[in-house]
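Below, subunit A partners subunit B and then partners subunit C, in two separate complexes.
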Partner chain A sequence: MIRNTKNDTLIAYVLIAPFLVIYGLIFVYPTINMFILSFQDAPLISFGPQSAEWTGLDNYTRLPDDRRFGTAFWNTAYFVLLTVIPGTLVALAIALGITRLSGRIQSLVLALFFLPYILPVSVVYRIWDWTLNFQFGIAMHLFDALGIDRIPIFKTSTWFMPAVAFVTIWWTCGFSILLFLAGLRAIPVEFYEAAELDNAGRWTVFRKLTWPLLWPVTALVLTIQLILQLKIFDQVYLFTTGGRPNDNLVMVYYIYQRAFQNDDGGRAAAIAVVLFVMVIVVSVLNFQLLRLAERKT
Partner chain B sequence: MTPDTTRRYNIAGGIITIITVIAALIWAFPIYWGIVSSFKLEDEVVRPYIELWPENPTLRHYWFALTQTQIGSWYLNSVVTALGVTVLTVSTSLLAGYALSQLRFPGRRPLWWLILASFMVPTQVLIINHFVLIANMGLLNTWAGIILPQLIHPVVIIVYKQFFDQVPREFREAAVMDNASEFRILTKVYIPMNWGVTTALSIVTFIWAWNAFLWPFLAVTRTEMMTITVGITQVSDAFGVYYARQLASAVLAGFPVALAYLLFQRRVTQAITLSAGIKG
Partner chain C sequence: MAEIALENVSKSFGAVEVIKDISLQVGQGEFVVFLGPSGSGKSTLLRMIAGLETIDRGKLLIGGKECQNLVPGKRNVAMVFQNYALYPHMTVRDNMAFGLRNVGMKEADIAARVEDAGRILEMDALLDRRPSQLSGGQRQRVAIGRAIVKEPAAFLFDEPLSNLDAALRVRTRVELAQLHQRIAATMIYVTHDQTEAMTLADRIVILNDCRIEQIGTPMEVYTYPASRFVAGFVGNPGMNFLDADVSTSGKEASATLGDGSRVAMTISIPDDGAYELGIRPEAVHVTTGEGDTKGEATVVEHLGDRTLVYTRLGDGTSVIALDDGRSQVAPGDVVTLRFDTSQLHLFDSAGRAYHAD
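Presenting the complex of A and B:
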């Protein structure tokens, strides 16, 4: 290099300055504040040093006895269970179907499966609220045909989470489908030609060839889904309006409720820290697993 | 392979293909159903049997949404804030990605740590402190207040760095020989060579920002400052239970992103696979 490094350094700092200012202001600073706030008793409105009071670990020690926190925690876990693995399997099945197609049909079919992912959550909410409407929803004709009693799905606590999970899979599946398609395309055709020469059946090819070679992508999809679904809020909030929010709480919803409806910044921050730790632990574990999976293949 | 097994193979394959196509149609049907219902009269919508096509197609719900609600302001707010998020995110990420990829400077490693950290921290946990920050800055109910906390998209930097890393060294060495400034190298070599990525990243960032719900929902309390994604769910009470009307406003809210996707299908899918760390 002909250039002196001092000059390089100066230019680099100028280039990263806008990024640093933004991330400092809206990422580093709020993150530190979240931890500080979690040790205080502070209202959210009129937040400031004068109204905040240090309470030590109080906000945390109250969590185990907090019924709403328990609901939020277990509902989040339940939601993850209902969406992550089922959603991944559905996406894999669809991707396997799509790779068989070619040309225009392929892009059309992909577009049909992918379109929901591109829509805002409020549109998804309107569509499904209408489709599953207790009185006039078109899905209720299906219920009638199958001889199932009509139920106000989003008003019953038994059906709420499975229904929201179903809608979520429908909404976010397109993303996983894209990743699986990219993964399937990366498998060399020669492998399949060799399998064909060996007269291997469809299922054998999938089990012995496609599945193991696709495993790194599958692990990636599972990871992304898991982290995404831990942070669920929008759909639960929208579908629960007019229903029973306290039965359907999830972690982010509870943060919102504590902070913005109970004006209790400190306790809300403590819940946020718990979710923060959950997501970080899951991410770190997952990335280690991903690395293992990559080393194996 | 004997001819017999080949035929069996093809029949099974054909069945899978047909199932896939039918499944795709069923999958997208609720979207179709929502759109069709928005063109029906209210009393037609609630008929107890299925009508796949409106008997008397009407635009009155769209007319109502456009003239009797604040959807016009919501559209404007969405366009401005989504463009703001896109321009700021893409430009700052481009510069930072370039520095990370091409320059050696002290503090490079901590910078990576910062990016990775922001990758892992869910922005949802920051809503309380974002709210306090934006409130203290006096930016609630403003475009700037909606935009600012949405600027954390570290993945855009990472994608830019990957693409800049792939530009052959010779280009840079030749430019340095000619005594071109760093700024010139960036604008005349690196940016033009990567227009495709910039387009793709801009489109998806725009879609993400348009679709953002949680933060715009918290940052705005005045109905005329809402983005359309939030607005159509918050003012529904005023509509009562006019299903077709609600659906018409939902169609209006989803239309721009759906159109962006249909027009730039390949770019969108490319950017989304890239954002997950897979080379599309």
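Presenting the complex of A and C:
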């Protein structure tokens, strides 16, 4: 069949046009405005030439001395440390367990581990608030029974981040498990049979076969997790309500405070730009490092 | 002494019996081929010897040691997989060294063995490459090399040539035969390709329907098939089968074929009656003189050195005859066929074989 290429091109443009318009309108345009806003002293709403004042790099130069920014930065880093690698390892361990099961039991166990992932964050918050609440949480009754002093987990800054990190891993690891399972299934069974004949014990098989062969998937999971956890907001927002929000600040939460509570659009935009750059630098760096490691093994 | 012995071995997958009461002895240095169609159980039997499948009942002895309950690594066998199963992230050297490192062998000894294997298989230059940088034939060699370095009591091959193209398959087959002569190791080789079986084997074990049909040297299996199945399975083109009514007087028998022609032969059979008469194409000659029957040529295949003439007898039975390379027979010709009666076989309704003297 002879095709009219000019027509085809036209159809292609028509088909992608709705996406391009929406993408431009709600992503590209606001992003450009955010960069512009970050050099201005302006409120978030009613921003425009009449209310904005150009301040150059002021919004950025003020950040190092901003105590709340420091808290948000280090809390985010701490949270990433507590979730990304532990969450990936937990997902890997669970996926390794699930592959050993078979048939319906496997599907059932996988479903159970995946279930939290489909919950909205508000439900996740409710579940864990009921569990860990200082006054009526189920876990506290357990503490009482064991003779341990009750801990106001979400009210102390020592426990807050680890607890939120734990809940986050519980909530999000279902997806990582799925990725790992797909990766594990892609490893031909003959490799394991050959390894059996090669006298490899379980640990050797994992260290010398499964781990290196699964490395591309692990790198992917780590990168996805890293980007996701750098953007942490909802869990912290919900769990910190009625607690000590200023001690538990994370980057996005601080942006939210500046933008929507203080109506300080310029400074919020500057922090957002910093986070944007952080996400890009860290994830690109992460992915490159992981690829390098893969080549070495 | 038998290097590998199976004694009344059986296996089931759930309710399906896949290996039925098999006994077999493989001698030291012997090259034994398991030949059979898909689903005959040949691969399963090999995997049972390797330890990749459990043995439900019966005994497995390797080098005189009972092995049916040992893990694969403790059986002192090495296996070459159909798709090679080379570890993709390791170099050729590491692929071969992996099994040796796992048993704690000294690095210097490992290096020596790997170099040796590299020399034997003429792949010294490939040792530092990854499997993805090798051709199919080279990967095949690495897989064999990985087996050689272990210096096992027996090599197990699971259809190792089936992933190679035709020309390479022939070359590798010859190399395998040379390798066997050189290292004189016990080898068990699974294939559904009868050419591989005929050319490589000291003895062929023909499997069908989860049991052994016949064990014998390639020529025994070819010349004296133990059953109708073996007769039909071995040989290419396959044996001709014709319905025959056989009557005997002493050892002299006369078979009446479907088209009414009679074939006389010397054979011992228990009863007169209906048999299937089997004869290989090379024992059916196209002749201008006196013959046993006549047929119409339907297809003539000139293979250069010989010609296959596909004929149809008066009753519609198909018979393939062999003529010499310069055969003048053309499709549609009616040709006279002469049977070499010393190469006749009769098969009873149970598939048992009787061979003409």
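Keep this in mind: the second predicted complex is superposed on the first by the 278 of 297 C-alpha atoms of A that agree within 3 Å, B and C clash if a C-alpha of one lies under 4 Å from a C-alpha of the other, contacts with A are read in each partner's own complex, and residues count from 1 in each chain.
FYI, a residue touches a chain if its C-beta (ideal position, glycine included) is under 8 Å from a C-beta of that chain, and two chains touch if they have at least 3 such contacts.
None of the values given here were measured: they were computed from a predicted structure.
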Query: Should A:261 be classified as contacting the first partner (subunit B), the second (subunit C), both, or neither?
result: neither
Task: Based on the superposed arrangement, let me know which partner A:199 touches: subunit B (first), subunit C (second), both, or neither?
output: both
Message: A:61 in the overlay: touching subunit B, subunit C, both, or neither? Say first, second, both or neither.
response: neither
- prompt: In the superposed arrangement, which partner chain does A:188 touch: subunit B (first), subunit C (second), both, or neither?
  reply: second
- prompt: Which partner does A:213 reach: the first (subunit B), the second (subunit C), both, or neither?
  reply: second
Query: In the superposed arrangement, does A:97 touch subunit B (first), subunit C (second), both or neither?
result: first
- request: For A:157, decide between first (touching subunit B), second (touching subunit C), both and neither.
  value: neither
- request: Name the chain, either subunit B or subunit C, that contacts more residues of subunit A.
  value: B
- line: Overlap of the subunit B and subunit C interfaces on subunit A comprises residues 196, 199
Message: Please output the residues of subunit B touching subunit A within their complex, sorted ascending.
response: 1, 5, 9, 12-13, 16-17, 19-21, 23-25, 27-28, 30-31, 33-34, 37, 45-46, 50, 88, 91-93, 95-96, 98-100, 103-106, 108, 111, 114, 118, 120-122, 124-133, 135-136, 148-149, 151-152, 157, 176-177, 182, 207, 210-211, 213-214, 218, 228-230, 232-233, 243, 246-247, 250-251, 253-254, 257-258, 260-262, 265, 268-269, 272-273, 276-280
For the subunit A and subunit C complex, residues of the former touching the latter: 188, 190-191, 193-201, 204, 208-209, 212-213, 297
Message: If we count contacts the way the header does, which residues on subunit C are in touch with subunit A in the complex?
response: 50-52, 71-74, 77-79, 81, 83, 85, 87-89, 98-99, 102-103, 146
Subunit B-facing residues of subunit A, complex: 1-3, 5, 8-9, 11-13, 15-16, 18-19, 22-23, 25-31, 33-34, 37, 44, 47, 94, 97-98, 100-101, 105, 107-116, 118-123, 125-128, 130-131, 133, 135-136, 138, 141, 170, 175, 178-179, 182-183, 196, 199, 202, 217, 220, 224, 227, 230-231, 233-234, 238, 241, 252, 255-256, 259-260, 265, 268-269, 272-273, 275-276, 279-280, 283-284
